[in-house]
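Starting off with a structure, shown below.
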Amino acid sequence: MAPLELLLELTLMPLVAFLVGMMMVLMMRRIAARIQRRVGPPLFQPLYDIVKLHSKQTQVSHGLIHDIGIVMAMGGYIAAETLLPVPGMNGIAEKGGIITLLYLMMIPSLGLALGVGQCANPNGSIGIARALTAMLAYDIPLVIVIFGVAYAAGTTNLVDIIAQQQAGGFATWGAVQMPLLAVAGLIAMHASLGKQPFEIYIAPAEIATGPMVEMSGKHLGGLFVMQCFQLYTISVLYVSLFLGGGSTWFDFLLKSFLVLAIPASIAYLFPRYRTEDLLRLMWKWPVMLGLIGVAFVL
Amino acid sequence: MIPALTPELILYATAIGLTTIGLAGVVLSVHLFRMVLSLVIAEAGVNLMLVLAGYRWDAVAPILTSLGEQPAMVDPVPQAMVLTAIVIGVGVQALAVSILIRIRQRYATLDRWEVAERMDADIAATAGTPRDVSQEAPLGERPLPPIPAKRVDPSGSES
Amino acid sequence: MTLTLLDELLLFSGATLLVALFIGRGLAAGWMVTILYGGQLLTLLKMAALGYGGGIIASSLSFTVMGQNLSWRFDALSWFFALITLGSALLSSWFACGAWERSYAKQGGNIWLFHLAMALNVLSMLILLASGDLLSLFIGWELVSWAGFLLMALAGGVATQAAMRYITYAMAGGMAIFGGLALVYSSSGSLQLDAVLIAVESMSTTKLWLLVILFGGGFGVKMGLLPFHLWQAPAYAETPGPGSAFLGAISSRMGLFAILLVLVKLFGIVNIDSLKIPFTLIDARDLLAWIAVFTIIFPTFTAMKQNDARHLLAWHGIGQGGYMLLGVVVADAMGGAGGLLHVFNHATYQAALFMAVTAVIHRTGTADLNKLGGLVVRMPLSFMVLLIGIIGLAGLPPMNGFVSKWLVYRSLLNEGMPLLFLAAVIGTLGTILSVYKLIHNIFLGQLRVEHEQVKEAPWSMMAPMLILAAIIFITGLFPGIPLAWVASVQEVVGLPATDYTLGGVESVSGSLDMIWVIGVLFAGFGIGAVIFYSAGRSKRVHQLDNYAGGHFLSADVRYQYSDNFYAGLMHLVGGWYRGSFLWLEKSVISLIDFLSLVMQGLYRRANAEFYLLSTALFVMAWVVI
Amino acid sequence: MGNLTGLLFAGGLGFMLLAIAGGLDFGAPPMLIGSAIQAQAPAETGATNIVTSVVLGYRAIDTLGELSILFAAAASAGLVLGRRHTSAGTQTEGGFILRTGGGILFPLMMTIGFYIIFHGHLTPGGGFQGGVILAAAFFLPLLARPGAKLHHSTLSLIEGFAGASFILVGLLALAEGKAFLQPLLIQDTLGQLFSAGTLPLLYLAVGLKVGAELASLLSRLAQTEASQ
Amino acid sequence: MNGALALTIALPLLGAFLLPVLMRVSVAFGVWIGPAILAYGCWILGDLWLTGSMQPFSVALGGFAPPLGINLYADTLALLFALAAQLLGLIFWPFKLDQDSARRQALMLLLVAASTGLALSGDLFNLYVFYELTAVATFGLVAASGTSAAYAATIRYLILSGIGSVLTLFGIALIYGQTGTLNLAHLAQLAPEQLSNELGLAAFLSLLIGIGVKAELFPVNTWVPEVYATASSRLSAFLAGLVSKLALLIILRLLLLVFHQPEAAQVILILGILGVVSGELAAWRAKEMRRMLAFSSIGQLGVLFIAMALPDGQGMLAVLALALHHLVIKSGLFMLADGWGGALQRLRGSAAASPLAAGLFVLFSLSLVGMPPLPGFWAKFTLITELAGQTEPLYLMGLTVFLLATVVEAAYLFRVAAIIYQSAPQERRPDEIPKAGGLSLATAGLFGAGLIATTLLIAPVGDRLQTIAAQAQDVDLYINTVFPATPGASQ
């Protein structure tokens, strides 16, 4: 892998991720609209929102850390993209495995937490406390799932895992081999998205959108961008772990959109969970499923 | 079966009997002087035991009466030992009695539990530590009677 | 007798002690002692060959007492630990000099005694690390625990109580080791390491079990493993500032050094593995692993509830100790490397965190998390050091903590231990939560009125903190440097060595190259910054210009959310804190109190004659019958 | 309840001791050193009363130890009962018979006492027995007239010198190169008054010492009793 | 030169007899008689100890050969303890001058003479006489402090010691009835045939309990806290430091030479363990310095008993090392207790008042607990390795009890150290804080210096102790020195 080619990949992957991410955000809002029997936003609405937010005259900031927080949030996910192999481009997946990826996904939440902390708004702090608790909740089943997959594949290198799954066609997909782990993974993925039933830390009614309370203008824009990357990363990770990754671009996009459609459609049907209910739920079912799945794998 | 009352049994029984009575006396009695007396009995018993250790059948006292051949003599060494043991006993008992007098003057009692209780109270008082035992039920059966002031001046010095 | 390098080091350390003892009164004493520590570090670096190629440097000092010959020598293992000890000693005493020293003296602290205690600690640790046989190991061990006691008891009042509790635990541990030593001596006839090695093979399993329990328990007390961990947090937290940085960094790792020397090198992990606990399927190694894992979880979640910054960090010190033991006990190439590297990493960021918190105390006068807030504006550098420290402590990528935790996770993954893996991750997540509470309550949120004029920490304190932060970042970027020392230590101790590169670890089952990962991360930050700053300048708004649901925020209102920080989590988990170990400790103490009351009663109400009579009777009866 | 257990334990101990003592073959002591002493005593110490030869010859250090115990007891009693005090005791005067009898008996008891001391190496008795009689002799007048002042200083003088002379005789033997407390001046005048060399001297010292100590002890006891 | 050995006993007795008389004549002269005699005694023993060719020798008193007469047996162990007796007598000399100082100094001379006799004598009944002399002299000296509590403590101790002597006499009667001789060497020869039976064991046990009263054996040491709390510190230092060790030495000699039954060792072991447990735990609650030291000395002597119980004299080195170490430490601590006698809470802040005393206290506690470079550690190490070598569970239990006792000991000693180093409470005026000063501090400093000296030259001291222990264990050497000509055949 010539360094020049590698550099090209490193720039292309986040770009692709951004575009696909925007499409996913659009899809999410479209599905939500359909469930609530309304039309939903036009095709490029996410792009419009981001541009609008970035072009605002008065940008309000609470200090350097507030800005750096947002930059870390975006930068963390951009770095995480390069670790996700995409059909044709592997990025630096060999240099760091799934565990590194898992940790890299934690950096944006930490950055966001720092930024919100700087705003010195009690709602923001409570929101962040709940966000970290939620992270504690969904990360445990996620880790069990990753352990299972890595142990089954014998390696933490995503490229090998995908290669193993594609070797036997449909039969050797992760979901087929480890159904229980797949289901647990799905629930954990759904929680990590922070979408409707698990969005206690944004909870507009109680804590005025939590962390977002002091975000306006380009800070909110940055969070929108982060959201695109977040959706993309989570769905692609799930695809590459369980659905054998994309052999061709069309097959890859189809799978990731399908994967995202499931939580999106479930999202708006449930009321919001309290923090401890979220914890109890996450620690009961997905962990149970995951452990049984891992038991099979061992 | 009553063992035949051989002189051996009688003598040993008396010696050990005296010691046992002495020991029982010390353990059972409450009055200090009575304990000292029973100690005297115990020592007498043991001294007898010591003498018996040297007794020989039909032997005479170890004094040379005639220059010729002497009759079978008793073993002189235990007798020397007993002589010393008796005098030691006297010394210890004399000291005990004098201390008892002093305690009688200071504590106005010779009941061993009360003396022990008073002693603890004094030690704790000199050291300045709180008594380690609950006040309302002191060790003795009945609470300590106040020391009558008139009979013993508190400084304990002789009048 | 030719002075070997080890002699030079020990003499140098002795000289530092003498300097601290005699010239300690003057104000410049602090700087002199710091320079001497630097000198010791240089002599140690002269022995750097140990760290890379292994080999042994013997000291010419060895004598025989009562038929036992004592010898002292340095090998890769002791060199590695000595490097950390002297490094943290140098930086802590540098931190202690200058401003902190003056404020400590103003508050009535005894600076001379402090420097003396530090020098004594360093000397005793070097003696322990250089021990050549079991007896000199024990001598070093006792010296270290007593020197630690002196340093902890320095601050008087609460610190003395905590030190008293420490010394009782340490004595119990020391006596357990002494008992183990005696058993080894009785079965192997001599306490030299090679003789013991031979004797271990022929030992019966019950005796080996007893030895493992005794040595494990003894060293576990110092390391703060679970049943014996209650003393460590208050003791380290109450030690004066730089002292807690030094103790937190290295003092309890002496327990790990001893475990490595005795349990791993002498007894060998394979023997320990063969010790089966009857009726259960786990063996001694699993037992140690589970103790390590619980030591990770319980202290970390206790730390979350602390309201004092120093106590929070001290509890984390115990938690991270669990990782090291877990890595060493898993004992495959990656695990061993992870455990040992974690010792180095933990030393760096624990010292940095304690120093940062001390700097905050120095400026604001309190470490109570509910009385601080918003200091990032006034003390940005301390904030940065604390941020780097907590990223290391939590084990997130750019910092070195991530590398060692990654190694430990990979070894657990390779060995296929899901439950241990899960528990370790719970520990890490707990750390992230409580660490954010630390930085949020001190530096973020509302700046209190009385902290308006707070200035940045003085340079004499800031310099060592920045150096440490730099070390954390550099060893995070190039983990190969410490991994080289770790590999040579693994050879000496008998664990399989790892094949390391400058960036990380190469292995067929997934490798790690930190240079690439961090490179990509900073590239991402760059792109993010471009996107962010492309939207023009933003207006700086005052802290009180905030959304408060229509209310007007004023300076005297304290709206910082800091108390009961993770309320949501506590609703569920709160019930599980039952302080069962505190209850265990109290029950032991009340048992001893009761027994001593019985004995005191025995002597007070003594009817002595009756006792004499009854013993005579029983003895005679025993003879006659 | 306490007493019952005490009684039972004492009875049990007595029984045990009896069982053990049964093991000794009574009446036939091994006489290991007893017979050897009987054979050699007259030749080596010149005393017919072998017990005296043992007390003052073979086991002289025991007697010295025992003397010092008596001295210690007297000194401790002196310490405990406090300084000499001349209190006119309120005790009743001794009866007429006691006063006159006392006067007559005093010389008689003195002579008997000294007789026993001087013949210690010939006939049964010796320093201790004689000393006690002397003490009784000194104590008699005090009983008769409690007020009579017994001059303690002379008594302690006698006591001190008697003890010192006992040891000096022992040191004399050492000075002559023999062992400490070795009997000297042994002629073969067995059975006469002035036989057995230094033994009678030792017994005289013992007698005086015991007499003086016991007398001062008894008088001090009587007087403190009186002062209450 | 051997004759002079008897002088070390005779001269103090002579001095004791003459002292009351001399004191009345001229006080100035009388005051220096006691110390002069003791100094001369030390000189003799020191000279014997140094020039002596390490070979034991026996002095027949009264010129009569041992089995008939009494002999003084002086091997390096006996000489060491005799020298210690004379030296400590000199150090703890009651210098206070008042009306009855003559009697008190006479009693002290008697006590020292009796202790030297205990160390040297080779005859069983003679040991009993000297044991009784020590007892009576102790009663006198304890009662001399004049307080009513002292009298009560003395009478309780007197009665207990009286019963002890009754039992000892009974034991001696049994032994004499069985073997017909009193000389230890002679007994050692006869023991295998005559004393190895049930009767022999009974005799030994009654002797053990009798002498145990003074050696603070478990059930019979109830007098210890009272006597040490009421007696003057100097006296209790002498008692705790030396006299209890000498009583222990007698039992050790009997155990080594005459009675080899394993049951004997087991009884001592059990009582030793109970002693350690009761001593250390009672000390945990002690509220007063002297009482705490008393209980701690019970605990330490319990440890000595455990060491003594090791089969066929293996524990000899451990006993010797522990005894000497405890002697130095306990005397030092009691000397500190002289100034800091009262309640422990009262000591708050006294480190500032007398830093040297506080430093010494910490040094002594560290050595007592066994901090490595200090000799306390080496003494413990010898015992621990011996105990671990045994197989019977009782010895291992002894080992665990000993280790746990050290932990309890460290806890309560350093609790006191913490109190001392606390800052004095404001309402206490500076003069109210107890200061350890004057002569007793100097003596404690002397012991501290001795301790540090032994730390520095631990190797030679260790070897010297090993030779002494080896020599003391050797039973045949004992018999051959006492009966040089006739190998074993009694006259």
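Chains: A, B, C, D and E, in written order; residue numbering restarts at 1 for each.
One rule holds in what follows: a residue touches a chain if its C-beta (ideal position, glycine included) is under 8 Å from a C-beta of that chain, and two chains touch if they have at least 3 such contacts.
Given the structure is predicted, the values throughout are model-derived calculations rather than measurements.
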Required steps from chain B to chain D (each step between touching chains, minimum): 1
Third chains touching both chain E and chain D: B, C
Farthest chain (mean CA position) relative to chain A: D
Between A-C and B-C, the pair joined by more C-beta contacts: A-C
Intercentroid distance (Cα basis), chain D paired with chain A, Å: 109
Inter-chain centre distance, chain C versus chain D - centres from mean C-alpha coordinates, in Å: 76
Approximate Å spacing (C-alpha centroids) for the pair chain A, chain E: 80
Centre-of-Cα separation between chain E and chain C, whole angstrom: 46
Sequence positions of chain E contacting 2 or more other chains: 125, 129, 132, 136, 139-140, 143, 151, 156, 159, 163, 170, 174, 176-177, 180, 182, 198, 202, 285
Chain C residues counted as touching two or more neighbouring chains: 600, 607, 609-610, 613-614, 616, 620, 623-624
Multi-chain contact sites of chain D, meaning residues that touch two or more partners: 6, 9-10, 13, 17, 20-21, 24, 29, 31, 33-34, 37, 58-59, 62, 65-66, 69, 72-73, 76, 80, 83
Pairs of chains, among all present, that meet the touch criterion: A-C, B-C, B-D, B-E, C-D, C-E, D-E
Complex interface listing, chain C residues touching chain A: 373-374, 376-377, 383, 387, 391, 394-397, 402, 406, 409-410, 413, 416, 418, 421-422, 425-426, 429-430, 432-433, 436, 439-440, 443-447, 503, 508-513, 516-517, 520-529, 531-532, 534-541, 543, 546-549, 559-562, 565-569, 571-573
Complex interface listing, chain D residues touching chain C: 2, 6, 9-10, 12-13, 16-17, 19-20
Footprint of chain C on chain A - complex, ascending: 10, 14, 53-56, 58-63, 65, 67, 70-80, 82-83, 92, 94-100, 103-104, 106-107, 110, 113-114, 117-123, 125-126, 128-130, 132-133, 135-136, 139-140, 143-144, 147-148, 150-151, 154-157, 160, 200, 208, 213-214, 217-218, 221-222, 225, 274-276, 279-280, 291, 294, 298
Residue ranges of chain B in contact with chain C within the complex: 23, 26-27, 35, 120, 132-133, 139
Chain C residues within the chain B interface of the complex: 600, 604-605, 607, 609-610, 613
